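Two complexes are shown next, each including chain A; its partner changes from chain B in the first to chain C in the second.
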Partner chain A sequence: MSFEELSAHAQEIVEKAMEWDLERMGYMKVGDNEWMPRSSYGGRAGQYPGYGGSTMTQSEVDADMAEVSGRYDDVPGLFDAFSSLPDPASFDAGIDDLTAALGKLSQGSGGEDPTNGSPTPANTILDGMDTSQDYLARWTGIAAAQFKENFVDTFESITTNQFLLTSYIKGALEAEKSLWDAARRNIDEIAEDTITALEEMGDCGKNEWSMAFSVAGAVVALVAVPFTAGGSLVAAATFAGVGGALSIGGAAVGNMEDAPELDMSGESPEAVIGNMREAITKLKDEISKAEQKIADKMTELQGIVDGHRELFVAPRPNLADSGPGDIREDMGVPR
Partner chain B sequence: MTTSTIDNPINSLDVTVATPDEKAYGRVRGRREVSVWFAPGYYDAATESDLQRQLTRLGRLLFAARMREYYRLRSLAFRRTVTKESPPATDRDREFVGRRDELVAEGSSPDGQIRVSAVGMQNWTVSIEPGLSRTRDEQSFLADLATAANALVDDQFAKIRELKYDVYA
Partner chain C sequence: MGDTGTELGVDCYELYDAGHNLYPAIASEFDACATGFSASSSYNAFVRDSSIGLGYSGAYTEWSAAANTLDNVLAETGRNLRDTGQALMLAANTYAATDAAAQAEYDRRKRELG
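Here is the complex of A and B:
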């Protein structure tokens, strides 16, 4: 992959396209970007014996050069737009942080990371909640009942849901990483294929090729997993996340769509570069669609969290807002 | 030719073939550089008629092998397996294929005593001036033959280019 060379590729595309056109018009290359009319050639420039027998004036030659380069002067700009695509590695720190968070939230059994199916070892500190019931056995009253109901009984479900939520956000970051990795590869392939097609245009056969937009398959669908509510499944909160094709394991349902292909052929620079322009437009479209898939999923996830906050966060303890004047009452202890 | 920023695998095309009786060998390297050689002792024993027959067959085999290798490398370059060109899809394609089949490519040695030609790169003819092989040593004959073969290849590429200018411009 030579993504870093995009601008050099673009320059080469322009030079190769111009080379073909100028040779067709009867010019011969005499140095780097230097051309002169070929007097013995039967093309248009050959009608003007001046340079080496051609009578073409410098201004006529300049006009030809300007006309030919004008056909392709949009090419560098088309690639410039891609030179600042996000670096896939820039998502690694966030993914690592969320992986560490998953380790803290994992309860072991059932703690498979839905974004890649890999088991996450249990955080044994969480086991302490099981024994807390023993410590609380002799605590009774309203506060005790509420504490058990709000924090002890729901602890496992809420932790599971937080684990899933963290995993889905990590999946979205992995999807972003895969997306930009594929996008960089795809734009580089378009550039390299265009150069190859220009180089092979002069060979004996039909000059045809195709482009597969792997960016469309970079964001993969995950198996739907319900968020749990203390043993009873809440259908409204079932969620199917997205993951990245780069990191996905057996948990993927599969690509959301097959990588679309664009068949191309061209026996002239105009045709080859016309195909290239079409491929770039298509790539932009596929990147937008892949981004939208992630955005839609994150919006849906946010909606679930907003609509079912109790599945993810324990309610605020009543005692948290109690003061010296009402602490005993809030604890259910008569004055 | 502009220095390339890509590594086009087709530039490293290199294919060698032999006639079925393994008397004559041909090689195409780097797309269009042709060389030919014979099995030891063959040249000295062969008549001009033998040489013409062997070289005609070699030309056809070498071009077929060159195109097979070309498509293999082209498949690598474009990441998709292609073994031959697709059927003509447009009127221009049909015109191109029709005119390509009739295209005559020719090449000859500097003294004109060895001449090779191919119609549509399918029907090959190799003409050797009568008596030439008795007056020339093998090395000098093969050098002149290579010159003729490379001139044919250059002629073919130049005419293909003209044809594409004409049909697709």
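Here is the complex of A and C:
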């Protein structure tokens, strides 16, 4: 089975459930979705026009068919909503772009991506800021001194915070990717388990199965990392992001939640499909909870940036707007 | 009393180096981050049936708000670096022009060091 066959699975579930019910109502299958009453079965024996002597009229047969199909006519719709789940691979382009940005923002001895623990080699082009620090130290003008103090000296901590911000935004995409990968597997498992349960209703022993909702563990909570305040290592704000179980793998970075399980049993199509409906409702609930974690974390992150913008971008230096008329005053004299 | 003559020429070259070489190169890295990533290009990845998760586009609104903020701070950093670099080059040329010996040293270093 595969996710791409979800609609076919839904159809198969309906057909197996109807087959069980109709056979027990005295019908036999005579073709694709074609059923006829047996000639001598329970109270339905007799003169049915066109087949083996049943007494049932066409309208009685139609009523039976409508009643049985009505028991399960919601099933295709339950799966239809899942047939257009996001494709996990569709998040790759954004993840790749943000990974490239991390490489450009990594400085000093290199950064560690907090969403997966991967080391990111330093971008040596950024070392040019250290060189300019020495150059500017000799100039006495207020604008030159302010630029050095507010922009050059804080560059490392601000770039580190931008690196972390980039990583958390990438982590949210990785969490979405993991979420939909697990959701696709889970809905496929529900369909597969339901078909198996329908096939095993008549077997010896209790017809029992369980469903583990791995989607609940797809969005992983990360350990908190502080954003640093300019020039010092004082934590001005701390943030714990989310990542994707797929990208983190077995690394002990976060706290993987145990997948909640739903125990199910049933000896009739109505019971089996009732369990299936419950499992689908539970899956939707777990998807919503997992995605809410991502949304909440992004809102929290946005709040931190809005409340501490100075941690993520230096204010525009006066020197950036110096012109021929004020450049000498702004720079002062070199010592 | 500030530097004069050859020393001033060296000072001017350092400003030129920062303004012409170092800052534009660093700014380009930030520009590349900002332009190399577009939150809206990930929109379709979030789309699904509205009954699933947080609705038709899920957590896209919250995610893209944070992603656009990132884009803005990176672009602003690049812009500030580039503009400051222009000012430093203006300073280098202005100061070098005040002193013949400084201008000579400034020009020699630009020729030899780039």
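By our rule, the second predicted complex is superposed on the first by the 288 of 335 C-alpha atoms of A that agree within 3 Å, B and C clash if a C-alpha of one lies under 4 Å from a C-alpha of the other, contacts with A are read in each partner's own complex, and residues count from 1 in each chain.
We adopt the following convention: a residue touches a chain if its C-beta (ideal position, glycine included) is under 8 Å from a C-beta of that chain, and two chains touch if they have at least 3 such contacts.
Worth saying up front: this structure is predicted, and the values here are computed from it rather than measured.
Of the two partner chains, chain C is the only one that A:Met298 touches; chain B does not reach it. When the shared chain is aligned, chain B comes close enough to touch A:Ala271, but chain C does not.
Chain A has more of its residues touched by C than by the other of chain B and chain C. Of the two partner chains, chain B is the only one touched by A:Arg24; chain C is not. By the touch criterion defined above, A:Leu319 reaches chain C but does not reach chain B. Legend: residue contacts after superposition of the two complexes on their common chain; A:Glu149 is shown touching neither chain B nor chain C. In the superposition on chain A, A:Glu329 makes contact with neither chain B nor chain C.
Touch criterion not met for A:Asp73: it reaches neither chain B nor chain C. By the touch criterion given at the top, residues 1-2, 4-6, 8, 10, 67, 70-71, 74, 77-80, 82, 85-86, 88-89, 92-93, 96, 100, 121, 156-157, 160-161, 164-165, 167-169 of chain B touch chain A in their complex. Contact residues of chain A toward chain B in the complex are 2, 5, 8-9, 11-12, 15-16, 19, 23-24, 189, 192-193, 195-196, 199-206, 208-210, 212, 265, 267-268, 271. Put simply, chain C touches chain A in their complex at residues 1-3, 7-8, 11, 14-15, 17-18, 21-23, 25-26, 29-30, 32-33, 36-39, 41-42, 44-49, 51-54, 58-59, 61-63, 65-67, 69-70, 72-74, 76-77, 80, 83-84, 86-88, 90-91, 94-95.
Within the complex formed with chain C, the residues of chain A that make contact are 80-82, 84-87, 90-91, 93-94, 97-98, 100-101, 104-105, 123, 125-126, 128-129, 131-132, 135-136, 138-140, 147, 151, 158, 162, 165-166, 168-169, 172-173, 176, 179, 183, 284, 287-288, 290-292, 294-296, 298-299, 301-302, 305-306, 309, 312-314, 316-317, 319-324, 327-328, 330-335.
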